[in-house]
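Have a look at these structures, which come just after this line.
What follows is chain A paired twice: with chain B in the first complex and chain C in the second.
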Partner chain A sequence: MSTTAATAPKKNSLVDRVGARLLVDPTLGVLALLILICLVSAFTLPVFLEPSNLYNLLNTSLVVMILAMGMTVVLISGGIDLSIGTTMALCAGVAATSMKFGLPLFAALIAALATGALVGIGNGLLITRLGLPDFIATLAMLGFASGILYIWTKGVPIIGYMVPEFYVIGGLTPLLASLTLPMIIALLVALVLGGVLGSTRLGTYFFAVGSSKTGAMQSGIRVDRIRTQAYIVSGLSAAVAGIIMAGRNTNVPADLGNGYEIQAIAAAVIGGAALSGGRGRILGAILGAITLAATVNLINLVGVPSSYQKIVIGAILILAVLANRISAIVSGIVRQRRALVLEGIPA
Partner chain B sequence: MSSNTAPVTAGRRSYRKARLALAATATAAGLLLSGCTTVNAPAGGTNAGSSGGGTDYLPDEAVRKIVNGREVKVGFAPPILSEFYTQVEKAAHNRMKEYEDRFGVKWTWERQGALNDAHSGTETLGIVQGYIARQFDAVFVCSAANASTMQTLYKQGSDQGIDFYQFNSTEELANPSQAEDPTGGLATVSNIGYDDRWQSGYLAGKYIAEQLKGQGSIIQIMGPSGSDWTKLRQQGFKKAIAEYPGMTIVGEADGGYVRDKGLTAAQDLLTKFPDVKAIYGENEDMALGASQAIDARGLKHWDGQSGIITIGADGLVSGMDSIKAGKLTATVDVNSAEMGTEMIDALFAHEFLNQEVNQFIRIPTGVVDKSNVDWHQGVLQNVLNGPGKY
Partner chain C sequence: MTQHPTPNGDGFLLNAEGVSKHYEGVTALDGVGLHVRPAEIHALLGGNGAGKSTLINILSGLTTPDAGTITFEDQPLELQRPSDALARGINTIHQELSLVPALTTLDNIFLGREVNSRFLGLKVKLDRRHMEERVRTLAAEFGLSQEDLRLPVGEFGALKKRVVEIVKALAFDTRLLILDEPTSGLEEEERLNLFEHMRRLREKGVSLIWVTHHLEELYGLADTATVFRDGRRVGTVGVADTTVDDLLGLMFGIAAGEFGATTNPPALSETDDETGDEVLRLNNVNRSFVLRDISLTVRKGEILGISGLAGAGRTELARAIMGIDKISSGTVHLKGKQVRFRDSSTAYQKGLAMLPEDRKQLGILPELSVAENISISSLDQVSQFGFVLKNKDETNQAETYRRRLGIKTSDVKEKIRNLSGGNQQKAIVARCLNTNPDLLIFDEPTQGIDVSAKVEVHNLIREFTAKGGAAIVIASELAELLELSHRVVVMKKGRLVGSVDNIPHALLSGQFEAVKNRILAISAGRTES
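== the complex of A and B ==
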């Protein structure tokens, strides 16, 4: 899943290689912060590290994690998707209503995925064909998707669609022992998107377009197509999250997606994605989502009054981004030293 | 008519108008409303057909003459579009249909609710300003905006001849008094709702304590800390629990009034306090999230003897289903059916009959559990299947 070129020293032990890799990894910052949170919690609040709590925490983070992975792809390509939360709600509504009207589960899931992809295409077309800024186009799409859901549901949550399979999809019924289906889905999404970003031409194009649209265009990359594809990825990730959410929530209110776009952006940025484009990691998005979930979990366990919760979350966001920045500086110094060593110049 | 809507103290505008009202009209209206109201009310045993006077003797023609086919343009501004406010609206529509069929009232109804943040109230302010600009006759408002801001807006609209009715609001927070001022300091015709402290939070606390015979620990999932509804329900809930020295609130978390956050908060708190006996969700969605958390941890729901009690507040159709299924122990039904009905009764009495309506109309609320869920659910189903549609 790595997307950062690292110059690894030759013929070193596995431990050395892992250590070296960590040192030059820009995600080190958030990982360090997460470990710090765990260590502090272990001493002050032992219940935090109990398996049942970690299991809850992981399950809670999965929806934001999947959204953050889609958002990371968009951010890497130089865009931003403000419609991701409402797209999630719309797709959840499509899946739930399809089930309610007697469609087979498979067809309902396909309908939800198709809706997500269509929203992604819509975002892409608004940006590339009409030339709207990403922020405005996806903000407008947020309005469309939300409005459609409100008109369609008249503000009444969709209920009465839950079948036993949907409890499994939502992770309320484990698949095997403690393993839930959303865990497997999140892992698959991570492997696919990580693979695309790290090992395919499309992934390279996402980075190239996000780093410099002009440069990418001059290199013969079809920038508009790549940007649209990034939004399709984001729309599909919203659909997957929406399907899980419909199962987890057991009803679909029209405001189901409110605020999720901010969480997705926050998780992606905590994980090292740059709002200016050209930088980001799937592993970072995963760690970012877990960090956010761990923060809320700690707040609930400690019993921080809800008035202070937003301050704590804001502080964690700043800390995570600062940690990433320090990590980037450290990794830059390490890389520079290595380069000098390899060239035979004393560091 | 239920005693709640009997003219006791004049509302601001109605006080002036009442002087002009004909005694005969008032008597007719009294008879009329006593025959009509509580059709939907779970607390009432009467209905139009069974009330003492019987509908045959009501002076329908006299009222028709007063109404004279007049059209009234009504704005409905809930803080958010949700299952609860849809129930309130449907009950109102059913009542409007009754008035239309019987007395020839013509209604124009428009609903606009906040779509983004129900608890900021900012969107509602814009919606109400829109109704004022478009010269609606009457506006029903439920807003989380600051009370003084709303009063300024109501005064501004009243000066232009628009009547405001608050519903499901939190005016009790400011302890308005009618001891010397019939308006209680509010620029509204009437405030239709219930007291969040004693008719919701307190009832939930009492129910838990009584079921657990005054012994046990509780966790609570609350609404956002800035919410007036949260402040008031908390006040009532904590007062009830304080009456039982053996009861303790061991943990609390913000569930944001939504199910998913309620589920997460309950899961976190159940990890820390696995031995709790009850979970209070300040609204039904959060309580249902807590119920899912109980299932997810493999814990037992309350069966009347043991397990974990979950109680919410609202009185939603989906909540009633969950009570029947044993997933939700109880809920405080704040009576959306009666609220919608009373809103229209107050409007009709004031706008058409020039009657005084009380500034504070309190509807009955109550705890619903397995013992009485059929009744409450039946009332709600009747409302939702009713003929009103505007």
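== the complex of A and C ==
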């Protein structure tokens, strides 16, 4: 009995494995959505698929992309970071002000990164030490960060810090040909975070804590530390995004980060991250950010008034989550069938 | 009782003395001691709520004691968190599954103890290949394939999760292994396999603390048994020269003979003549890949047992009847009328109820009282004019169940989360019975329940059918199934492959072994019926 069970699945195991891998992949839904958007526009709006437009689209998506990758880590660990947008603005402000004070560029960048990390630690302490819900703690942090920036700038945008290097950092001056630094930074962030999540101890712990706090704790994991570390990751990603924003925007208004938390959450969720924790992918966040940018770009090209854009983004969010659910159901059926094949029952 | 250890502190691996723990006014442990020798299997026995789990939580670092001293390997044992216990070489298999659903089997096994390889000169990259190699043989022994190691644990059923948990505990060097009801829900083969591993660990010098409700498992395996009752230690005995009756006597504080009387199955109800009215009929029910061509009938007053190995489709059948899973073809008839449930709440409205297999999914409402948890599915019984809750009725009703099932709580108004796992299970059994449905489905109804409550749960099921209800019982333990059922059907790979009728008659004429062997033969495929 066991011998037939062992030999039966061998025959189509490669096809099965590749098929299952594709179907199990939570990013499949987003990819389908993205292809759909491209197909629709290819027929109705050829401008959309012109290389220059796609290039612009990719460039504008980078900041949200970096934020969404940090957000994905927090969502995987079972939290949510509402302060990510204002933290980005705060870090941009720190970088800009440091430059104005005459600090060298690298010191300004370090200061911005340290600010991001500090905000992350703050979020983590509020949640793990005071026992506040993630939603409340990061909402309070949103208030603090934006308040600090307003008081400090007195509502006047910070200017006069734009050295030539900042034009490169913001992507306004390309590195070579049409390659910009933000593209490389986004790629590096993706590689680092993807690597951490996929093949390090810390990444495994993020998933473990988000999926089952008791299970993680009983396995000897310091749950509170891991949750704080997830917020440090999102704080750092906000700092990186803030540095790019400071360069791209050429001035730092106090409301620079407003609304970015929603875009970051949307991109992460479109990319398959679950608010219930334990699920999410870096590639998903990347595709999610591109999907959002493509949608906005498309409706701009069609000439829809910008006031409608938010409604369309809301609709896209719902569509993407539905698409993810469908791909989950399909993969469930495939897996069930495979399990029975393994038990030796012909399908 | 020759092996009675004297707590002098010497020669013991673990020495716990005067350990107490209180939870919100409930005394879970009242100055207990536990003395475990090196290289022994030490059984920890007691009814639900005796304090076994609390002591285990202390020894595994999940909670800290209010008072008492514990030494381990002659060093004080003061655990702040589970990682401290692991660092001292104390591993625990908890009663409630402690796996992480989103991670793969491999990542779960090595969770907290990952192996790293070098990446860009830093030792940060997980070495999954190495981890897989290390655990492959052990995993295979428990029937976990390489494929299984790479799948997320969340996709497995309760049984397979339990197996993963055992492999996780066995995969690392341990000084003391604590097993809290490790065999619940396991098949015979895995059970024996685990016992073999327990023996081998003892030979290697490891000590084991083993909590079980199956006293017959102890013989030939456990060296010493410590019995707890109501948060106190009532005795430590050598297993070899103690009978099951002695142990039961210690556990429940009744004279041995007295207890023996209650464990004998009471005469089964009279309605075993299959002439009762039909309550449920399935005609050729199919669910893709899971259920094949299932036809069966359950009559009024009947208890139908479903036997079969894990993965045979027993739970799947129950879920399909309740409308939790869709059926792809075939019909379901309730009292002669064809029905099609879209979800389980429709099934409840039409008079069906189910006690599911997985305790975590039982739907315990932790912040509500025991009484509220019992009445929540049948509030009309304790309401007036459709909305007024008659608190007194609710309390009285809960009080009745508390006495009958021996739910250990000072007050039925106590929040249910303060009760031990077994007592929560009893309250949920009470909730199910209380809905007073036409058909009740019990999936492993006595899982994690102590021996005396088991008898009561059986009696309640019998009473329910004697009053005209019908019941379907799924139980891995064949003895339990036979004791309870009028008729047993056997499932295999999603099909009904045979049935044995008139079980009460057979048992009364002393053919227990014959019936048991017949069912085992049908399961194994040597069908003659």
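Methods note: the second predicted complex is superposed on the first by the 324 of 347 C-alpha atoms of A that agree within 3 Å, B and C clash if a C-alpha of one lies under 4 Å from a C-alpha of the other, contacts with A are read in each partner's own complex, and residues count from 1 in each chain.
Operating definition for what follows: contacts are C-beta pairs under 8 Å (C-beta built on N, C-alpha and C of every residue); 3 or more make two chains touch, one makes a residue touch a chain.
Just so you know, these numbers come straight off a predicted model, no measurement behind them.
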- request: Using the superposition on chain A, decide if chain B and chain C clash or fit.
  value: fit
Query: For A:P133, is the partner it touches chain B (first), chain C (second), both, or none of the two (neither)?
result: neither
Message: By the touch definition at the top of the document, which applies to A:P104: first (chain B), second (chain C), both, or neither?
response: neither
Field: Geometry of the superposed three-chain model: angle at chain A (Cα centres of chain B and chain C, steps of 10 degrees)
entry: 130
- prompt: What is the contact status of A:G314 with respect to chain B (first) and chain C (second): first, second, both, or neither?
  reply: neither
Task: Go through the superposed model and pick first if A:P46 touches only chain B, second if only chain C, both, or neither.
output: neither
- prompt: What is the minimum C-alpha distance, in Å, between chain B and chain C after the two complexes are superposed on chain A?
  reply: 37
- prompt: Where on chain A do the contacts from chain B and from chain C line up?
  reply: none
Statement: In the complex, the residues of chain A that touch chain C are 195, 199-201, 204, 207-208, 210-212, 214-222, 277-279, 333, 335-337, 340, 342-343, 345, 347
- prompt: What part of chain C is in contact with chain A in the complex they form?
  reply: 60, 62, 81-83, 85-87, 92, 94, 96-103, 107-108, 111-114, 116, 124-126, 128, 145, 147, 154-155, 288-290, 311, 493-494
Query: What does chain B use to touch chain A in their complex?
result: 80-83, 85-86, 113, 115-117, 222, 224-226, 251-254, 258-260, 263-265, 267-269, 271-272, 285, 288, 292, 295-297, 318, 321
Of all residues in chain A, those that touch chain B in their complex: 47, 50, 52-53, 56, 60, 146-147, 150, 154-157, 159, 172, 245, 248-251, 253-256, 258, 296-297, 299-301, 303, 305-307, 309
